[in-house]
Amino acid sequence: MSLQLRARVPERGVELDLAVAGGQTLALIGPNGAGKSTVLSLVAGTLRPARGQVELDGQLLFGERSWTPPHHRRVTTLSQDPVLFPHLTARGNIMFPLRSQGVPRTRARTEAGRWLAELGLEDLADRRPAMLSGGQAQRVAIARALAADPRLLLLDEPMAALDIDVAVTLRGQLRRFLADRTAIIVTHDVLDALTLADHLAVLDEGRVIEQGPTRELLTRPRTAFTASFAGLNLVTGRWEAGAVVLSDGARLPAPGPHPPGQEVHAAFHPSAVQLARTGGIRRTVTALLPHGDLVRVRTADLAADLPPQDIAELRLEPGATVHLVVPREAVTTYEP
Amino acid sequence: MNTLPRWVLLPALLGGLFVLLPLAAMAARVQWSSFGALITSDASLSALRLSVQTSGSSALLCVAVGVPMSVLLARAEFRGLSLLRSLVLLPLVLPPVVGGIALLYTFGRQGLLGRQLEVLGLEIAFSTTAVVLAQTFVALPFLVISLEGALRTAGTRYEVAAASLGARPSRVLLRVTLPLVLPALLSGTVLAFARALGEFGATITFAGSLQGTTRTLPLEIYLQRESDPDAAVALSFLLMIVAVLVIAAARRRVST
Amino acid sequence: MSRLARSFSAAAVVMLLAGGCGGPDDSTSGAEDTVSLQVHAAASLQEPFEELGEAFAAEHDGVDVQFNFAGSSTLVQQIQQGAPADVFASANPENMDKLVEAGLQGSEPVDFTSNTLMIAVPAGNPAGVTDLTSLTEDGLHLVVCAPEVPCGAATETVEQAAGLTFSPVSEEQSVTDVLNKVTSGEADAGLVYVTDVAKAGSAVEGIEFPEAQEAVNIYPITTVKDSENAGLAQEFVDLVSGPAGQEILDGYGFVGR
């Protein structure tokens, strides 16, 4: 079973088709304002535009004259704000979706107990949300969302508000729970995408500009946004005699082979980039940023991670010209 | 507290005294030797009983219609909503006597609905029902204004979350929205009760004044003033105590 | 200073005094060029007294007659609490006695007019009321004054004189309230004063009954002690009890002494 999402909402500039295979997770990425959250709101039913239509799996969620209210959609949202009901205990919160679906009180209680155990929350069962830490609250929210047994789970940056170490634990738990559930996750974190999502769709201005299996997309990005999300440099040029020739004539030696003259993408990690006195790819430095032990040297389209000594020795600063070379074996090439 | 300028104490203290001093002055006038006899007279007891009963009924009626009104005003979106809100809150600023006159022309024998009600065998004029109607009319805005404000402050995110978890609208209202604003609902109800308890103008205009039927404590106090000022003072003090008890009880309920 | 500003500052002063537990408030008397005569009169006297006030002002240049119309017992209480008053006209001797007991009369009270009860029914007399006895019929909405107020006391007197027991649907605070219930048609009948029926015009009809003579309501008037305008006050009392005043009062249904 797979879910087909078809959304046409002119007023929001949304026009897209997405497919999520049953039991799989699709990550939605894209620059701010690309329409990721809009898509989630349209599917969840928290946004009701004047015109357009949204179909989920052939069912018209919203169209010219029809509107499926949110509670009939079996679509549950988990956002960075856990939105636990403050007047209910952790257990009461998890029982809520079960009771809403008509599960008898005792069974709902037992089932909520199971979810509490599964997320290691037994000791917190009778606490009110005000007495829970951020991470604990988010775990209760996860249990509650899963207890609703939605046909589609929407995750809107669920870890964005958490400390890094809490996020790590939670990500592990989420991976386990999402393994056999159908979900869409919106994230800015490449780790979320890699850990949780089988597929990736890149949105820009309300449209899907790229989609495919997560690993495939993140190792062989085809758009600048995907490349930067994956932490890779991406250049495009023509294949000529064992190198990618860029539009300015610079040559980037790379493994092939490709037909001569073929347009190819070349991806490489910033840490693989080295500086040369001359030749290579000529760029102007736009910014220098600390990056772990290294310094990230940014240009308009490329980044290089270099040791601070080199930066000091070369007296690099914004505005300076650099010549970038990349070892042949560090480059991946692929056709668009 | 530390950031408060010291001078606010003076006007605050003055305001407090302004409210408390008259109450103390009245308490000082109570004839304690005859207090017991004055407040346990037939007329006093029946007025007290009637006041508590009618105010309780009014408070319940206010909850029954005021909660849906508040929810609509806070959540619905339609043309003329703000106008409607102003109109609904009108009794708040209207002199109660005007309310009484308006009610008379609506539910009175010669009123807009009077004949229809008479056909149904319902006679409102000079009945305890009229007292409850008059009190509800003036008390309703108190509940609506406090509840609507709380609903707006609470926002809709919990309701959105509840719907996303599959809860039908009625369940969202009863299990999420209302529990969230429960303190405001309680204090609004107490306010409405207190307002009903003190209601005078609309009642005397619309319901009349008859011991045991329509003569509530404020009406009894006003009448006793004509012939027995001591009794009026004693009853005023009694009314004050009832009001203080109600507010204190409500405070405790809200804070726990 | 405008009137509003004066009221506001007076209220503020009162609050300050409340804070300081201060003495009596004397900030309300306004100093004006004209002399104003403060007449406290029973509410039932409003129309004839306003007419008398105009007549009095016409004869006295620079004199402005100001009225405070309310229930007689309220007026006595107000005068006792120090409300500025020059003349007091009561709707019954009892309330005048209260004033005298408090030693606040400026001269010996004079009975200047009287009033009797009458049955008032809405125009057309829908319930077919004919006399006092018909007021006891089942289902008839009778409204009277509460026994605590003068018109209620008079009602009890005629009730006893006629040997009847009324079961009113409401015992109102004042005769005006009774009349309002009749004019609005809420009540089928009410017991009010002859003068009230005269005042209500075509909205109500009056039905006389003989027992009314058992409860003739006498109106006394007096000047108030320590009046700043004692002379003028006495002149006003004289006007009211004199032939000109009696003529005006008669025109409103009062019966002179």
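Note that the chains take the letters A, B and C in the order they are written out, and that residue 1 is the start of every chain.
To be clear about the criterion, a contact is a pair of C-beta atoms (placed from the backbone, for glycine too) under 8 Å apart; a residue touches a chain by one contact, two chains touch by 3 or more.
All values derive from a computational prediction rather than experimental measurement.
Put simply, the chain nearest the middle, going by average C-alpha positions, is B.
Seen from the C-alpha centroid of subunit C, the farthest chain centroid is that of A.
Taking each chain's centre as the mean of its C-alpha atoms, subunit A lies 55 Å from subunit B.
Centroids built from CA atoms put subunit C at 85 Å from subunit A. Inter-chain centre distance (subunit B to subunit C, centres taken as mean C-alpha positions): 33 Å. In the complex of the two chains, the subunit A residues touching subunit B come out as 44-46, 69-71, 74-77, 81, 83, 85-87, 96-97, 100-101, 144-145, 148, 150.
Within the complex formed with subunit A, the residues of subunit B that make contact are 157-158, 160-169, 171-172, 175-176, 179-180, 182. For subunit B in complex with subunit C, the residues that touch the partner chain are 13-15, 17-18, 21-22, 104, 108-110, 125-126, 204-205, 207-211, 214-215, 219, 222-229. By the touch rule above, subunit C contacts subunit B in their complex via residues 15-16, 18-19, 21, 71, 73-74, 77, 141, 143, 146, 148-149, 168-173, 177, 180-181, 184-186.
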